[in-house]
Amino acid sequence: MINVGIVGATGYAGEELIDILLRHPNVRIVNLSAKIDKPLSISEIFPRFKEKISLVCSEPDLKEIISKCDLVFLALPHTASMDIVPKLLAGGKKKVIDLSADYRLRDTKIYEFFYKTKQKDKTNLERAVYGLPELYREKIKKTYLVANPGCYPTAAILALAPAVSLDLVDLSSIIIDAKSGVTGAGRKIDAGFQFSEVNEDFKAYKVGLHQHGPEIDQELSNLSGEKINITFVPHLLPLSRGILETIYVKKAPSSKLQAPSLVSLYKKFYKKEPFVRVKDEGSFPRIKDVVGTNFCDIGIKDCGSNIIIISAIDNLLKGASGQAVQNMNIMYGFPENMGLI
Amino acid sequence: MINVGIVGATGYAGEELIDILLRHPNVRIVNLSAKIDKPLSISEIFPRFKEKISLVCSEPDLKEIISKCDLVFLALPHTASMDIVPKLLAGGKKKVIDLSADYRLRDTKIYEFFYKTKQKDKTNLERAVYGLPELYREKIKKTYLVANPGCYPTAAILALAPAVSLDLVDLSSIIIDAKSGVTGAGRKIDAGFQFSEVNEDFKAYKVGLHQHGPEIDQELSNLSGEKINITFVPHLLPLSRGILETIYVKKAPSSKLQAPSLVSLYKKFYKKEPFVRVKDEGSFPRIKDVVGTNFCDIGIKDCGSNIIIISAIDNLLKGASGQAVQNMNIMYGFPENMGLI
Amino acid sequence: MINVGIVGATGYAGEELIDILLRHPNVRIVNLSAKIDKPLSISEIFPRFKEKISLVCSEPDLKEIISKCDLVFLALPHTASMDIVPKLLAGGKKKVIDLSADYRLRDTKIYEFFYKTKQKDKTNLERAVYGLPELYREKIKKTYLVANPGCYPTAAILALAPAVSLDLVDLSSIIIDAKSGVTGAGRKIDAGFQFSEVNEDFKAYKVGLHQHGPEIDQELSNLSGEKINITFVPHLLPLSRGILETIYVKKAPSSKLQAPSLVSLYKKFYKKEPFVRVKDEGSFPRIKDVVGTNFCDIGIKDCGSNIIIISAIDNLLKGASGQAVQNMNIMYGFPENMGLI
Amino acid sequence: MINVGIVGATGYAGEELIDILLRHPNVRIVNLSAKIDKPLSISEIFPRFKEKISLVCSEPDLKEIISKCDLVFLALPHTASMDIVPKLLAGGKKKVIDLSADYRLRDTKIYEFFYKTKQKDKTNLERAVYGLPELYREKIKKTYLVANPGCYPTAAILALAPAVSLDLVDLSSIIIDAKSGVTGAGRKIDAGFQFSEVNEDFKAYKVGLHQHGPEIDQELSNLSGEKINITFVPHLLPLSRGILETIYVKKAPSSKLQAPSLVSLYKKFYKKEPFVRVKDEGSFPRIKDVVGTNFCDIGIKDCGSNIIIISAIDNLLKGASGQAVQNMNIMYGFPENMGLI
C-alpha cells in the first residue's frame, strides 16, 4: 500500500488520476492540490466523486506533500513542474511522475523554442526517464522521475516503433495526420474551445508547429539512430476523448515485406505488451474501442510501396493518466494492469 | 432600399443578422460595430462571410451610425442598450430594434431585480413595443422602438397565447419545462460552456430563477387580464441551436373542450400567421424542423383534465434575429417573410 | 465465486454487464449468448473487450446455460424473456435477473396493452420481485427472480419515493418531464436513431403513451396506497448515455414543509443508501455527474405550493446493468457496491 | 423561369436541392419523385418544408416528368440513374444533372469494379460532362448531361488542381487524408450510422478502397497528362455536414517555389471563381466556415520539400446539391451564384 499525492488535481488528467486510483487496491490518495482560490472539497469540484472520496483540495503545500506521500503525480500545465520537481526529489526518497512536457525533451533549445521558457532543471532532466513502458520499461523500474509522454507522441511512437526498429521505412517520409478530442487541450477556458465553436466543426491547428512534433522526432530518432523529421498535422475532433492517428510512410528501399508479414511482425513486436493490441489484417482501430481503456490499438495496411498505420488511444488514459498509473505500477513492481481494467 | 446598422455585430445574434440581411433584397448593411479591441474586417471575424461582405467592424460611432442608417439593430448584452437608445432616437427619425431585454419588462423593479442594474431610460421604455408580431403587429407598424422578445418567451407565449386568450386554462397551473441549445447564452467565454462541459451532458439551470420567467408572466398576464405566475425551468441541451418547450396546464373548470377541437382552435388562431405552424393531431414539433427557419412549430395534446403543449423555434431566428427582421419588415411595410425563406 | 451467464450479450445492456462483471472479483462469466447468425468471439463483436475476455457468443443453449451458471442475466428485448424464464427456473436452483419488462407489471392487462403480447408466465410473474433495492431490498435477498426496473421508472420512483411515502404531495398532480440519451432505446437499427436524425435535434416522443408510465404508476400507487396516474412525457437527447427527469408536483394540502426541511427529509430517507445522492439545497443533478456510475442524484426545490424534483442516472447503469449487478450483490450477500465503483 | 423535377427527392441531396431551389428566383419545382411506398406530401416527409411547398412526392412517372420539366436532377443511389437517363434524354430537349457516380468514370472497368454493376449506358457516358465548373465550365454550358462530382473528389481536385496544373508536385506522392460528416453516406438505415455508433467516435473506413479514389485519379490524370494514383484514406466524423481534407505532396524536383508564392499562385488560379476561397498565408479552412455555403476553402503551407494543402466544403452543397445548382445556373446562363447565397 502506497500513499500518493496529486498536484494539479483539478484538471482533466488530475480528475482521471483520482478516478483510476480510487479503484487501485494498492494505493491510498492522501493529498490533492491545485492552483485554487480557496480550499474546496474535491467532491464539490467534481460532484461525480461525492461519497467516493472526501479529501480537500488546496494550494500545494510541499512540506506536507513530502511528509505524507511516497509518490507524487504532477498534472500541471507545462513549465510549472520544473519549480516543484527539484524540491520533491531533494530528499532522495520520493518518486515523481510528471505528466507535463518539462522533462521529456532532451534538447533544451527545442524545449525552450516550443514552450517559450527556460528549462531550469537540467540536473533532473538528465535523470528523467521517458515513461513509455513499451520502450523503456527497465529504466522506469529504477528511476525516481518519470517524464510521462504526451498524448499524440504515445499513439505515434507506438504505431511507428516496430517499423522503425525493424528498418522497414524510409525515415524521411513519415507523415502523421493526427486527430484529437477536446480534452487533449486540458481544462482551460478558451474562446476556441467553447461548445458552439467546436460542435459540428473540424479543423487542423498548429499546422507543422505543434510541440509534440519534436517529441516524436526525438523518440523515433533514438530508435533508429538517425535524425528524423516527421510531418505532423494535428486536428481537433468534436468529441470529448480519444486520439486517432493515420500515418503514411514509404517503405525502405531494402524492405521486401509482404502484406501478411507486416501485421505479423507488429503482433510479434508487441506480443508481451499488456496495453497494445495489433488488429488483424484488414481491420483498423476506432476511437470508441479504446475510450475508457489504457489500450493502444494499431492497424496496418501494406500498400505496395507505402504503408498506412492507424493507431488509437484514449488521450486521458494511455495518453496521460492511465499511462502514468502504468508507470507507477512498474516503479513499484505491482502487476502492470492493476487499477487499469 | 433601406440602410441598416448592427451594433453588437460580433455576437451570435449579430452574426445571424448579417447572414439574413445579406439575402434581404431591400436592405443594405452600411455599418457594423461592436465592443472590439481594434477595427477588423467582418470577414476576418467570421471567415464564413468572406467574399460576401467586406465592411469593417469597429467600436460604435454613434454620429456615423445616425448619419448613415435608417434603422439600427442593437444586439448587445443586456443593460448596454439603454445607454445608446436615447441617443439614437433623439432626432426622431431613426428606428431601433433592440434585441436585449432592456425595453421588454414594463415593471422596472422586476427588471432591476433580474438584470442587477437600474432601468435608466423610462421615457423610451414607455414607447417601446414588445416585438412579438403575432400579438402586437399593429403597434409594431407604428413604433420607432421595438423590444425584440427573448427566445424562451417567444416559444412560450406563442404556445400559450391561444389557450390563454380563449380562457381554456387554469392560469395558476402553467408549467414550462424549457430546453435550449448553447447559443441561447450568447457568445461568451465561460467555463460552463466549454465543449467538454456541455458535450454529452444535460442539466437544468437557474431553476425557478431565470430572467425570462417574468417576461413570460408579463405577456400572459396582459393576455388574460389576470396576474399570472408560471413555473419555469430552463435546461441546457448539448446542441448549438434550437429551443423546445414542453408545457403542462390544467384545463379551466369551465372549459369543455374535446381533443379535436383544441388543435383546430389553435389552427384557427394562427391561420394567417406566416411563421406559426400548428401540427396535426398526434404530431409534435422537433428542433430539427425549425432550425434554420423563422417558424415556431406547435403541437397540442388534450389529456382530459390536462393539456400538453409543445413548441419549438430556432433560438437565433424566431427567438432573436429572424424575429428582428420580421419586425423590420413590418415596420417598413415589406412582405413579412422577405429575407426569411 | 459464482458463475454467471448473459443471454442477450450483444445489446447495450449486455455489453455493459460484461464490462462491469469483468471487474467484479466474485464473478466468473461462463456463458454468453444472443440472437446471432453464427457463433462469434465476443471480442469480435465488441473489439473493446479484446484481450480482456475470449468467450464465444452463440445462440442460447439452455441446457448448457443451466448446467454451467449459478445466475443468469436476461438482457433480451421485451416479450422474449417469458419463453426462457420458466425453463431456467424449473430446477429451482438457478437465479435469474431479467432486465426486460416481462415481469415488472403486475396487471397483465396493462402489460398486454403496452407490449402487444400476452403475459404467458403468470406463475413466475407472481414470484418476481421488482428489483429496486431502495424499496425492495429484503425481498430481493430471498427471491430467485428479479424484474430489473426500467430506466425512466428508476429515476422517477427514486425521485418521488420520499415525497410520496411521507404524504407530502397531491398525488393527482405528478408531472414527469423525462429526457434520455439514445442508448435508452436499445441497440436497434432504426431510421429514427440514425446519427443525422438525432444529432442537433431534440423532441418528445410517445407523448402520454410510453410504456414506462404505467410502471411508474404501479410503484407509486404501491407506495401511497392510492391509485396514481402520472403525466409522463419522454424526450430524446442527442447524447449516448444518461437520463434526467424534471418532476413537478403540488404539495399536499396538509403538508406544511419549509424549504430546508424538504432536502433534509430526502437526505434522511436515503441516508443508508449506497447509490442515492441527495444534493444540497440549491444544487441540482446533471447527467455528467452520474454517467459511468451507479448513482442516482436527486435535487429538490421547494417553490411554495409546488415542489420541483430533478433526478439523474446513467440509463445503462442504475437504469439497467448496474442495478442488475447491485441486485445480484444483494441476492448473494456480497457488498452492495462490489464491482460498481 | 424554368421548370425542374427532382428524382430521389427523399434523400439528403434531394432535400437540399428542394431547400436551395425554393429560394431560386428563376426556378419552379414542378415534380418530386422517389422510391416510396405511397405518394406523400413532401411536407409530411420533411416537416421543415411545411407552408413552403405543397407538392406530393410519388414514384417517378417518366412521362409526366418529361412533359413537365425542362431540367431534371437525379439524386438517386449509384447505379439507378443509368436506367433513367437514356429515357429522359431521348427526346433531345431535356437537361439532366445526375448526382450519382454513374456518368463520372470514363473507364467502365473501374466503374464496374467499384460499383459492382455494368455501366449500361455508354452512349451517354461519352456525352456526359464532369460537372466541376472550375475545370469544365465551357463544356457544362453546352451539355445536356452533367455528371455532378462526388463530394470527396470536389474538395480534393479543387485543392490539387493549381499545384498539378502548374507542375509543382511530384505526382507519385499525393496523399489525401479525408474526413467527412455522416450525411456523406446518404440517408440509409444502417447499423454503422446509428447515433450511438458514430457519436463520440472517429475512424477510418474503406482504407485504400473507396470508390472516390479512382474519380480523383481520373481528374488529376486529365489535368497532368500523366497516370496518377493517389493514396486516399477517408474517415467518418461525428458531425452531420462537412468535409475537410488534409493533403500531403512532395514538391516536383524542378519546382523552386517559395512560401509566399504558393499561396499567391493559388489565389491567382482561382481569382475569378465565385466559390473558391484561398486562405491567406498561415490561415487554414475549417468545416464551420463552409457549412451552409457553396464555397470550397483552401489553405496551403509550404514546408520546404513538402506542401500541405487543406480544403473544406459542405458535402451536401459544393459536394452535391449546391454544385448541381451551380451547374444548372451555368447551363442556363443564370448568374452562377443565383440561389446559392
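First chain written, first letter: the chains are A, B, C and D, and each begins at residue 1.
Here, a contact is a pair of C-beta atoms (placed from the backbone, for glycine too) under 8 Å apart; a residue touches a chain by one contact, two chains touch by 3 or more.
Only a predicted model underlies this, so the values are computations on that prediction, with no experimental measurement involved.
Peer 1: Which chain maximises the distance between its CA centroid and that of subunit A?
Peer 2: Using the mean of the C-alpha atoms as each chain's centre, the farthest one from subunit A is B.
Peer 1: A-B versus B-C: which has more C-beta pairs touching?
Peer 2: B-C
Peer 1: Quick one: subunit A and subunit B, Cα centre-to-centre, how many Å?
Peer 2: Measuring from centre to centre gives 47 Å for this pair.
Peer 1: In whole angstrom, how far does the Cα centroid of subunit A sit from the Cα centroid of subunit C?
Peer 2: One centre to the other, that is 37 Å.
Peer 1: State, to the nearest whole Å, the distance from the C-alpha centre of subunit B to the C-alpha centre of subunit C.
Peer 2: 40
Peer 1: Among all residues of subunit D, which ones touch two or more of the remaining chains?
Peer 2: Subunit D, residues with two or more chain partners: 197, 199-200, 238-240, 286, 288.
Peer 1: Can you tell me which positions in subunit B touch subunit A when the two form their complex?
Peer 2: Going through subunit B, the ones touching subunit A are 12, 182-183, 187, 189-191, 193-200, 238-240.
Peer 1: In the complex formed with subunit A, which residues of subunit C make contact?
Peer 2: Of all residues in subunit C, those touching subunit A are 22-23, 47-48, 50-52, 200, 274, 277, 279, 283, 286, 288-290, 292-293, 295, 297, 341.
Peer 1: Of all residues in subunit C, which touch subunit B in the complex?
Peer 2: Those residues of subunit C that touch subunit B are 175, 177, 179, 197, 199-204, 207-208, 231, 233, 235, 237-242, 244, 246, 248, 284-288, 291, 299, 301, 303, 306, 308, 310.
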